[in-house]
Amino acid sequence: MEFTAAYASMALSTLLTVAIFSFLFRENRVFRLAEHIMIGTFTGHTLLMAIKNIRETGIDKVLSGNTILIIPLLLGILLFTRYSRKYLWIARYPLAVIIGVTAGVTARSEFQGQIWRQLQATVSSPLNNLNAIVIFVALLATISYFTFTIKHTGVVGGWTRFGKNLVLFSFGATAAMEVLTRIGEVTSRVEWLITKTPDVTVIATLVFIAWVVYELYIKNKKS
Amino acid sequence: MMSVVLRKYIPLVIVGVLGFFTIFSFPLDIKVFTDTSTQLGSWVMLLASFALGIGVINLFIVHGHPIMKKDKEKWPYSAALLLSLIIVFLIGIVDSVTGPSYKFLYDVIIGAGLLTLTALRGFFMFSAFTRAYKARNLEGGVMLLATLFVMMYQVPIFDSFLPQMSEFTKWMLDVPFVGVTRGFAMIAGIAMTIMAFKMLSGMDKSWMGREE
Amino acid sequence: MSFIENISRRFVFAVLIVIVVIPLLFPFPLPVPVGQHARNYYNVIKSLEPRSVVLYGLEVSTRDAENYPQEVATLRQLKEQKAVVIFYNFFQTSSMGTIWGYEDAGYLELKYGTDYVHLGFVPGEEATLASFVLDMVGVKPVDHFQNPTTTMPIFQYVHTINDVDLVIGSGGGMPGPNSWAKLVIIPYNKLGLLAVTAGQSTTMYDYLRMGVYKGALLGQRGCVEYETLIGQAGRATQLFAPLYLAHIVLIGLMVATNVAFWYRLSKKGGKQ
């Protein structure tokens, strides 16, 4: 492969990837360095996007005549007073705006989308359908398991134990799906290493294996 | 007295007024309410951008400290973090976030780095499932069975020689599992709604930080 | 049998790397039967009229094996249907993933601002989304490339959520498809489609059952089924064999560990 700036960047990415994967053997300085570099780059991107948004939807809009946006711009600057012990309370004003609007949206959407809609779906299903009955029973068992105002003894205890087993069943299914996603991420990254910069990958891997051999055998023998 | 009103009560009133206005502006569907609600959404968008900046400042404080104190163990890593942050920031300012160099930088370093850090979890999950996922009692057995059924369902080969298992798992995910997740959704929905109303009514003041 | 219980985690990591690398070096085809959720997803997009407006809530931050191929495959079919697409991102890292996806799907051949528009990262999560659907141009006056949305051809006839024909919620975290369902699809009774990671799919089954989302791509397997339907094998199909092999090995190892565990318990008279 030709040595270009693009290839050099991809080689750097490969080295950082292998450095992070070195954590699989054990925590080490190279991993820590790579991890810190990754966090730094991600945060740099976040900062850029934040500044971009403030400029585009705040400053530029104010300059083009939408003067009411001076208020949130000033409130945003006031957020930084949280770093002063004396003026810390001023930061509560912009926070109040964020919390007020967000809590209002949450209250509305949670009720409509997570409670009311679910109730409607449960109640409107005809109970001559076996699946609807099973869903209804599972729903009741789950809710009763998380209800702590009644003692879970006797018949109620048996019912809540059934609910607990249903909940654990769902956790097991969720765990299975979760591992699918994670292994998919491993596959993507390994595929990139093999296809984009195979030569750098081989060299980095050989260095890693040499380090592992040194740590496992040579260092032990010396000590 | 005035100090307490300014520091405590006015922010609480702001939270309550804005919150209840946001809740009731939707069903009422009156233009002036909808327009005000939209305007408030723009304000929150701007404030959220400033809040992202707070996170970055915190990072500078946390990682600037070891560098200033010349902490032998920590300062090289903190310096690497802040240096990479500044380099990315400068490239983004010079080339702009939508420029070709920044796009390439993101693809090769930032996006790749994110994926690598999350891929580590894949290895540890694989190891945990192999070594630690044991059925020590009935409940553990139930959970393990569910995991095995769903994993086998995801792999097409099991459809060929265990089609009934595949059908059962599909029914399991579409019916009883739905009942359980609906229960979770309703419980979470009730909890979030109560939490939101507690904040709006001033009962929950944890967002205000420490009392003076 | 105790060696299975005492297996080193480093050995397990090495096993995973080997079983992922082998099918990448020696690929083999894997027929995957198409499920109902992927079929419904395909059929909903197939039924779109030309110039239908699609609001695509896209959260692709990395070139992974789930969200990214889902995006590319979906956009390929949307392009075939000549749908107009508006991209919206909750996360600051998703703006780049959106660009990768539509470039790979061939959207650069289309007219920006008329056939598609990338609004980019919109901070404020659910609070901002609730306002955006009421006044799109008011909340987002410029797109990701700093072009004013007020003068774009799309936004001459798309002003609010009522002008949108289809909402696609994608992603793997919060906010994500859950937010689209609660804030947009349910309150405004919109047609919705879902494209999520396998990990998040478990929380979405209820919405599928209720008909909030009419079709879904659930994880990488869902995307493989969809790529089969659109007749274009993409990244999900290409990376499915390692996932398949890893799963079979993992199932075997889990069963073996538990058999060894219970064998040891039976020898010790039930004591752990």
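Read from first to last, the chains carry the letters A, B and C; within each, the first residue is number 1.
Keep in mind that, in the parts below, contacts are C-beta pairs under 8 Å (C-beta built on N, C-alpha and C of every residue); 3 or more make two chains touch, one makes a residue touch a chain.
This one's a predicted model, so the numbers in the text were calculated from it and none came from an experiment.
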item: Most contacted chain pair (by C-beta pair count); value: A-B
item: Most remote chain, CA-based centroid, reference being chain A; value: C
item: Rounded Å distance, chain B centre to chain C centre (Cα mean); value: 17
item: Distance between chain centroids, defined by C-alpha means - chain A, chain B (Å); value: 5
item: Residue list for chain C, restricted to those that touch at least two other chains; value: 13, 16, 62-64, 92-93, 95, 123, 125, 127, 130, 146, 187, 198, 202, 206, 209, 219, 221, 246-247, 250
item: For chain A, residues contacting two or more additional chains; value: 24, 42, 45-46, 49-50, 53, 57, 98, 101-102, 105-106, 108, 110, 113-114, 118, 121, 135, 170, 173, 177-180, 182-186, 188, 192
item: Residues of chain B whose C-beta touches two or more other chains; value: 22, 26, 39-42, 44-49, 52, 97, 106, 110, 112, 114-115, 118, 122-123, 126, 129, 144, 147-148, 151, 154, 173-174, 177-178, 181-182, 184-185
item: For the chain B and chain C complex, residues of the former touching the latter; value: 22, 26, 34-35, 37-42, 44-49, 52, 97-98, 103, 106-107, 110-112, 114-115, 118, 122-123, 126-127, 129-131, 133-136, 144, 147-148, 151-152, 154-157, 159, 173-174, 177-178, 181-182, 184-185
item: Chain A-touching residues of chain B, taken from the complex the two chains share; value: 6-7, 10-12, 14-23, 26, 39-57, 59, 76-78, 80-89, 92-93, 97, 104-106, 108-110, 112-123, 125-126, 129, 138-139, 142-151, 154, 172-190, 192-193, 195-197, 199-200, 207-209, 212
item: Touching residues on chain A, where the partner in the complex is chain B; value: 6, 9-10, 12-13, 16-17, 20-21, 23-24, 32-33, 35-54, 57-58, 68-69, 71-73, 75-77, 79-80, 82-83, 88-89, 91-108, 110-111, 113-115, 118-119, 121-122, 131, 134-143, 146, 164-173, 175-180, 182-186, 188-189, 192
item: For the chain C and chain B complex, residues of the former touching the latter; value: 5, 7, 9, 12-13, 16, 30-33, 61-64, 92-93, 95-97, 99-100, 122-125, 127-128, 130-132, 134-135, 138-139, 144-146, 187, 198, 202-203, 205-206, 209, 219, 221, 244, 246-248, 250-251, 253-255, 257-258, 261-262, 272
item: Partner chain A, residues of chain C touching it in the complex; value: 10, 13, 16-17, 20-21, 24-25, 62-66, 92-93, 95, 121, 123, 125-127, 130, 140-142, 146, 172, 178-179, 181-183, 186-187, 197-199, 201-202, 206, 209-210, 212, 219-221, 238-239, 242-243, 246-247, 250
